[in-house]
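One chain, subunit A, appears in both complexes that follow, with subunit B as partner in the first and subunit C in the second.
Up next, the complex of A and B:
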């Protein structure tokens, strides 16, 4: 697996995606670092690859942007070639192929989530080696290690859309406090059959937590 | 990651009209993980001299203890309180004693001398004193602090104006550094006393 090269921009980050009946909620922090310098403090790590399919990017900013662009290109062509919209599974498979075949050269941890007519809502995680994991919820990035306990305790299957939004907000906020590579604002996207709703939670509106 | 970046820090001092200000962040980290948001980096040496220590946290604690002992001994022998310039030379000497196995700390000293004249300086890790007329920066957010201080500082600021200036300089500099922030403390040293305030900052 490739290490970040000196000077390369890193999405040291906290990303997560949660599935609910009728859609998914994806969330991320907004910090991009070059070493210790915060190169962008309002980054959008939630990238659209198709109308109802989003990916959350962590690792090398360059690698994940390049891979996401290639997948978006293929998905755009898919409808013309196949006569139907691509499923989240197809998008995740495309990501996997790129991440696995180039595993020695890429530093990319990606979460794919979205809605399609076949499966409804799905969440897939593709960590560093290029393996693929379908899960009800997924965590990624350097900040995720701080919230595994919290998420394992607080996640429940069949939560409502509002409960999922609160769950993602609280988790990402906790990770941002502890992880130096995560911070800024919390960006959320709620993907359902009907539309994609983008939400922003600024620093002053973060959930209450013990801060010493 | 260099040893000076391991714990993360941001320290800044500014001169004003018959006053000085010194401020620092409150984060203690271990590489990327934050483990304390109330870590003290600025210490009173006398009632009118403060020292801010940026760098490796274990050396920050150790050096503070060593300074305390040396300053107390000075007070007993000289029967007077140490002046900021003298303290700066003391620190410089103590650091150079470890020239080939140094403390990983870059101190910032701010104080008022016996004639109420402001004094600020900083040093590298082996004690080279850098005197300044305007402001002094140190820590992982040092480069960022140069930018904010250069644009915000002007000569002849009164204590309350100096407080606003140094607070904004620190807060906006640490917001661009992933290793510092998570709270801040500011001390304004005037002939009539020291005003200490905690700043409400981003906790990321």
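Up next, the complex of A and C:
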């Protein structure tokens, strides 16, 4: 597995995705670092690869941008080639192929989430080695380690859309306070059959927590 | 058996071991000329303002006191370059050519996102070995756009950006003063102040401020917009009066005639 090279831009990061009936909620912080300097404090780590399929990027900014661009290209062509819209599974498979075949050259931890006609909503996680895991919710990035306990305790299957949004907002907020490589604003995307709703939670509107 | 063919493109790392041995023996590696650098860009009400200092360094020596770091990419797009001077120069030249051909092919004015994609895909392919750190700004049919591009191939799209060793000093100016809807004068002044913050607080940046203003259908390249480091007038005249130095033979040297020795045998 490749480590970040010196000087390479890192998406320190906290990313997560949660599935609900009829859609998914994806969320991320907005900090990109080069060493200790924050190169971009308002990054959008939730990248559209298709109309109803988004990926959350963590690891090397360059690697994840390049991989996401390649997958987006293939998905754009998919409909013309196959006569139907690509499913989230197809997108996740493409990500996996790139991440696994190039595992020694890439530093990319990706969560793929979206909605399609076949499965409805799905969430897939592809950590550093290139393995693929289908889960009801997924956490990723350096900040995720701080919220596994919180998420395991507070997650329930069959939450409503609003409950999922609160869950993601609270979790990412907790991770951002504890992880130096995560911070800035919380970006959310709610993906359903009908549309994609983008939300922004700025620093002053973060959920309440003990701050000393 | 056919001889092993060398790849015609890409880097050759054959000499890495040899260089390591030489360093071990005490030789010092040659320094690539770097642009220590402060480069900035911001979006104002009517377009983009780009700025750069003009110092190029080779190690701790100033190689060029007035180099140009704002490179032409297209009539509506310019690119500031930090990092290895040769890499920024050649990369921007190459993409500029590609953009010109692309523009002729499509029959349209180049878009900033096109240049950004060409640059990032090229730099990613070379995995950071091409040390080009760029601030790309331009105005196309979709409006003004500003990007940073790192040597490893990652990009960020932002309303104000700084790069180079002086980027922290320059960013402090932007973070305290930038707002949406700046006027042209405010934008230029802010860029000048940001570059000067780099020039005076960063050892890798110095000399003069170059500014480039890009609006819809118009570009103003203000070379040496500010010169805060002019050398002061010398205090005395240091010329010596003719006749200060005595010399013994005032006549020009005479030609020696060819007599001594035999002529060189040049017959094949």
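We take it that the second predicted complex is superposed on the first by the 212 of 212 C-alpha atoms of A that agree within 3 Å, B and C clash if a C-alpha of one lies under 4 Å from a C-alpha of the other, contacts with A are read in each partner's own complex, and residues count from 1 in each chain.
Keep this in mind: a residue touches a chain if its C-beta (ideal position, glycine included) is under 8 Å from a C-beta of that chain, and two chains touch if they have at least 3 such contacts.
Owing to the predicted nature of the structure, the values given are computational and were not obtained by experimental measurement.
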| item | value |
| --- | --- |
| Partner chain(s) touched by A:23 [first = subunit B, second = subunit C, both, neither] | neither |
| Touching partner for A:140 - first (subunit B), second (subunit C), both, neither | neither |
| Touched partner set for A:211, first subunit B, second subunit C, both or neither | first |
| Touching partner for A:12 - first (subunit B), second (subunit C), both, neither | first |
| Partner chain in contact with A:203 - subunit B first, subunit C second, else both or neither | first |
| Partner chain in contact with A:178 - subunit B first, subunit C second, else both or neither | first |
| Partner chain in contact with A:37 - subunit B first, subunit C second, else both or neither | both |
| Partner contacting more residues of subunit A (subunit B vs subunit C) | B |
| Which of subunit B and subunit C A:65 touches, first, second, both or neither | second |
| Interface residues of subunit A shared between complexes with subunit B and subunit C | 37 |
| Subunit C-touching residues of subunit A, taken from the complex the two chains share | 5, 7-9, 32, 34, 37, 39-40, 42-43, 60-62, 65-66, 105 |
| Complex contact set, residues of subunit A against subunit B | 12, 29, 31, 33, 36-38, 41, 142, 146, 176-184, 203, 211-212 |
| Interfacial residue positions of subunit C with respect to subunit A in the complex | 120-121, 124, 127-128, 148, 150-156, 158, 167-168 |
| Partner subunit A, residues of subunit B touching it in the complex | 1, 5, 8, 29, 31-34, 36-38, 140, 144, 175-179, 182-183, 202-204 |
